[in-house]
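Both complexes shown next keep subunit A, but they swap its partner, so subunit B is in the first and subunit C is in the second.
Here is the complex of A and B:
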């Protein structure tokens, strides 16, 4: 088979959407056409339906053959029995690939469904690559391709790629990552994976210069050995974060020995992912947080941190969380401690590390000086700043002003980013968001804007101390083990 | 050497399968392990009462007596393992207790060296539907399943994989110098783990392997009991 032209799949100039209906409605094809237009897809969109007509101001071609010239890519959203014919027509039109959104194939477990999926596989083998069927498609911010139903995803490209058997997980991560500050190279929902699936897509992303971090949601693999080789090679070059669905404790099969009775898929997958040095996560949120840390933090091992916050319990929580991930919170020398305490409000502060700055209203400039001083300790590789910005709501209320008017989040973000850049030691922000009732919608808006101020300056933000340390732990573990592997 | 080893073990497995066995008796499993260089207990298989005394004397007291039959994969659960027998009367008494279970079954009674060591480990092999042969390492004895301390790696294992298994296991601290006991010989343990994976790759007939316990005699691991399960069909 000729080499796959992934460039024409992810950045198509001419894209057919098969199944667009002139009768309107928000079927998959119509929805995808509107979503791609809303995203500002830069290429030409060519709707197709045997009934013709027009939709959203565009004339619908009666067949793929009617389209003048070749196409690069196609979205297919016709009923399952009509998919093979449409796919074959796309192949003859020169398309490098097609995504099949339609369900009703192998996943049904029926002979008809399996037969149709086999037909897709056979057409693909003749020279067109297929994403799906039973998927939400491809999101590529650089080109404006989007998932179903995603008219409002970011067009700003970034380093994170996501491979997923689940369409729901794909669109969820695209939305979740959007406000967290994740930026994507490619999100690929490959559904049943009749043709393109985990191992081959991993190899593509390993070599893809637009991708720096690979995340994946996987339920089952077509070929465990091939997947193992692909993910091991990928993780030697880039961080790989894996969420495995459908794990079981027991083997779920008749076994005789004790070894096999303990070798359920959870234990085996856990061992295999450690063997290939992939980061294993337990939820989509943890996956997003790990990707945030991998894409915002430098490629380093963080052995020691400083933890800075207003309140002694925050520091204790940070120390406890750090210990769980093998990260130290080294106690500062008497000299450094004295110099930091000299600038902090007294009484109530303490700078042994963790550093308790006494209250949540310490001015940003002062926090910046604390970060610079703490960075002087050679054992500190990274700093965690916990800021309870939500307390400004109480202050604003007492003063009778808006919370956004008095919260210095932009100034804090600027100060933190400068301190991080000057010291060469990254800062991770923790912004707990504890008031979330309907009476605090103004606070919710301020917190969202605060997050943007930080992520826009390259500072990752987490909602909880434990989540931040867990994500930092993933980065440290990955680069530490990769270094060991390169040495041996 | 390696090819000879593979052929010899394949021959043994074929013979066993031809007899319709689903499992290897302990003494058969240990022939497979011996071919792959595992450190094993010294032992003699006896099938008559008269042979017990001379066998035990040759091994040296104290000895263990065990029913070794492919039909009894979990012999200790059935009370067919007698440990710490210090003289011939004790050995003969144990034989009298164990031997009746073998009536009408193939196999015999193993007279086996007693390994002295308070630290027990387990290792094994399982075939995973996704990843094929995978090697297990964990805490041995009766706590293997209770504490579920078992870590897995896909075969083949590199030396670094085998060492990382020990590092990941919660039992890693008993491999260190604890309570006056010397640190375990991790090099040998790593070779054993790698060899388990190799057996899985060399012999498709092997479905599962349990080595439990692997006793640390001072620093030195010794396989005290072994079960090999064959693939049906």
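Here is the complex of A and C:
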């Protein structure tokens, strides 16, 4: 079998969408055509349906054979029994691959479903690679391929790859990551994984120069030994973050019906992931946060941090969380402490590390000076700055102005980014979003823009102290164990 | 010493604010006066400053003596050295209590600071109860007392009390709880706790008929044995949720400087809280979520749940999280499964429990029927419904309408509340907020209103599956251990 041409799969110039209906509606094929167009997909889109007609201004080919010339890739969204024939036609048209969105295969547990999935596997073996069936497809920001139902994902590429057996998890991470500042190389929802699945895709992403971090949502693996080899090699070269679904009895039941997977026990998964040095996460949110840290922070161990916030409990919370993830908050020397104290508001501040700057309204320039001073401690490898921007709303109200008029988030982002660059010590922001009622949409807008100010300058932003430290802990633990592995 | 008149402290009819300045500015006293007025505080506010003058239309008394008649309560926000004299004057004016917002006492670690705090203690012993110093005050929705800098907290009272050594934590929880649907009886930021503090306040809240759940943020306790007795008795009668700050080395350093507290070790705290059956949480967010569950759910053990969502990975995630917190997701009988399957979209759905309703657009009426059927299983004590409302935005975009026009959140809330009431089995909603960029403020508004639709009908809403199950787990574990304690 010829080597897979992943380039033609992820950056197709000519893509058939099989199942587009001239009667409109919101079927998968029509939805995918509109979504790819909304995304500005640069290639040619070739809709196919035996009934012909047209949709959204495009003539629908009655068959794949009718399309002049070869195709690179196809989206297949016809009823399950018609999938094998459509896939075979794509293969004959020279497609390097196809994604099958349709459900109703192995996951049904019926002989018919299993038989149809076996047919897909046999056609694939003859020379077309298949993503799916029962999946949401491929999101590739560089080419404009998108997931169901994603007309509005970012076109900005980045280092995060995501392999997901669940379509829902793939589109959820694409959306969640979008506003968090995650940027993706490829997101691949592979559903039942009749052909392409975890081990082979891991190997592809391990070699993919566009991918710096590999995240996975796994329900079950086809070949444990092969997966072990693939993930071990991947984690030797890049951070790998794994969310395993279906570890409980009921969760295992769910994944059988979802993607026809066998779950595996919690103890086995926990052991394997530790052994191969993959970061194990417990939720999609934690996965996104870990990817944010891996893609924004330098590739290194963070032995110690400074924690800076306006309010004493913030520093205590950051210190407690840091220790829980094996990171120290070293006490500053008397000299450094005195120099920091000299610039902080009094009373109510503290400069021992954690640093309590006393209130949430300390000007950005002063915070920048605090960060520069704290960076002088050689035991500080990273700084965490917690800012309760929501307090500006009460302030704005008292002054009779809008919250956007007085919150210095852009200035703060610029100051923080400069302090990080000048000191060579990264800064992680924590911007808790503590007011989110219908009467606080002005705050929602400000917080969203503040986040962009920071992420646009390469500063990762988390919504809670514990989440930030947990994510930093994943990065530090990964590089620490990798270092140990390289030494041994 | 006479019994403390907490009624006059929490519902003062005549309240002095000492330190109000005719020169305006945003000092604590002026801020508190404006905040109480914005809250619609029903009592009389009596500003005091030796310089006299007026502020915000109110004449400032030159001394407490100048005020005709007695006062019930006072807010003191003058420089630290002037606090003892002001407090003594309040005592002579018959005040039952005072809150001292000023910092610069024991937490500074200086002999001057410690001496001033000792003076406060001595005056208090002569018959005025003191909250603080170095605190944000008292929030009592029923009377309109508020925390610094809180002009915009809810006036709607409810069952949650919060005792906090940290002022920041108190105002943060008041804001965070507001939009989450938490309603408070009393929030007391007691700072250094020179007089009133954890044990005595716990005893007050244990007897307080307005309080159903007691949450605490503790940095250190004054008298370990007394605290143990007080929290044990409290937890026998009401759920008690505890966040302990400063358990790490650096965190311990932070709390010494913050509220002059001695931290105590992680092992001791963990043991004590288990022994007295208090729920231990690791963050302010988890504390708020636990309080939401305790105040919205019935007082009982939840042995088993159903988990309902549109997407197979959601059910797997809910099942895995449930098991982690000791809650089962029992597999339905073949009969019940068949009856649920008969009404679900095909293919892609699953009715084994967890229930996968296949997509996020299943109409509320159908979800209501699913909940009613699932409630028939005697092993199901509670139902968790996960709804990814954000997907309506792509749908709305495809239809060329606004997301608010097509998202059936009000109908869903009504249906869910009715199903819960009719079946006698509570429903917990999970509404993940996965799109929060600046271009999605329409979604932010819709999500905020959706949350209100549910909480207004007594249905608690969580933002993530794991957070919901963790909170349900706290409730179930508390009542389970209480039941065991009562039997033994």
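Assume the second predicted complex is superposed on the first by the 471 of 488 C-alpha atoms of A that agree within 3 Å, B and C clash if a C-alpha of one lies under 4 Å from a C-alpha of the other, contacts with A are read in each partner's own complex, and residues count from 1 in each chain.
As a working rule, a contact is a pair of C-beta atoms (placed from the backbone, for glycine too) under 8 Å apart; a residue touches a chain by one contact, two chains touch by 3 or more.
What you see is a predicted model; the values in this text were computed from it and never measured.
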First, second, both or neither for A:388, with subunit B first and subunit C second: second
First (subunit B), second (subunit C), both or neither touched by A:272: first
Touch count on subunit A, higher of subunit B and subunit C: C
Touching partner for A:258 - first (subunit B), second (subunit C), both, neither: both
Partner chain(s) touched by A:435 [first = subunit B, second = subunit C, both, neither]: second
Subunit B versus subunit C as contact partner of A:224, first or second or both or neither: first
Common interface residues of subunit A - those touching subunit B in one complex and subunit C in the other: 251, 253, 255, 257-259
Residues of subunit A touching subunit B in the complex: 220-221, 224-225, 227-228, 251, 253, 255-263, 265, 267-268, 270-272, 274-275, 484-485, 488
Interface residues, subunit C side, partner subunit A - complex: 26, 31, 34, 80, 103-104, 107-108, 134, 149-152, 165-169, 172, 175-176, 178-179, 217, 219, 245-251, 253-255, 257-259, 282-285, 307, 310-317, 319-324, 328-331, 347-348, 350, 352-354, 356, 388, 390-391, 393-395, 397-398, 432, 434-438, 440-441, 444-445, 448-449, 452, 464-466
Subunit B residues touching subunit A - in the complex, by the definition given at the top: 22-23, 73, 122-132, 134, 136, 138, 144-145, 148, 150-154, 160-161, 164-165, 168, 207-210, 212, 227, 229
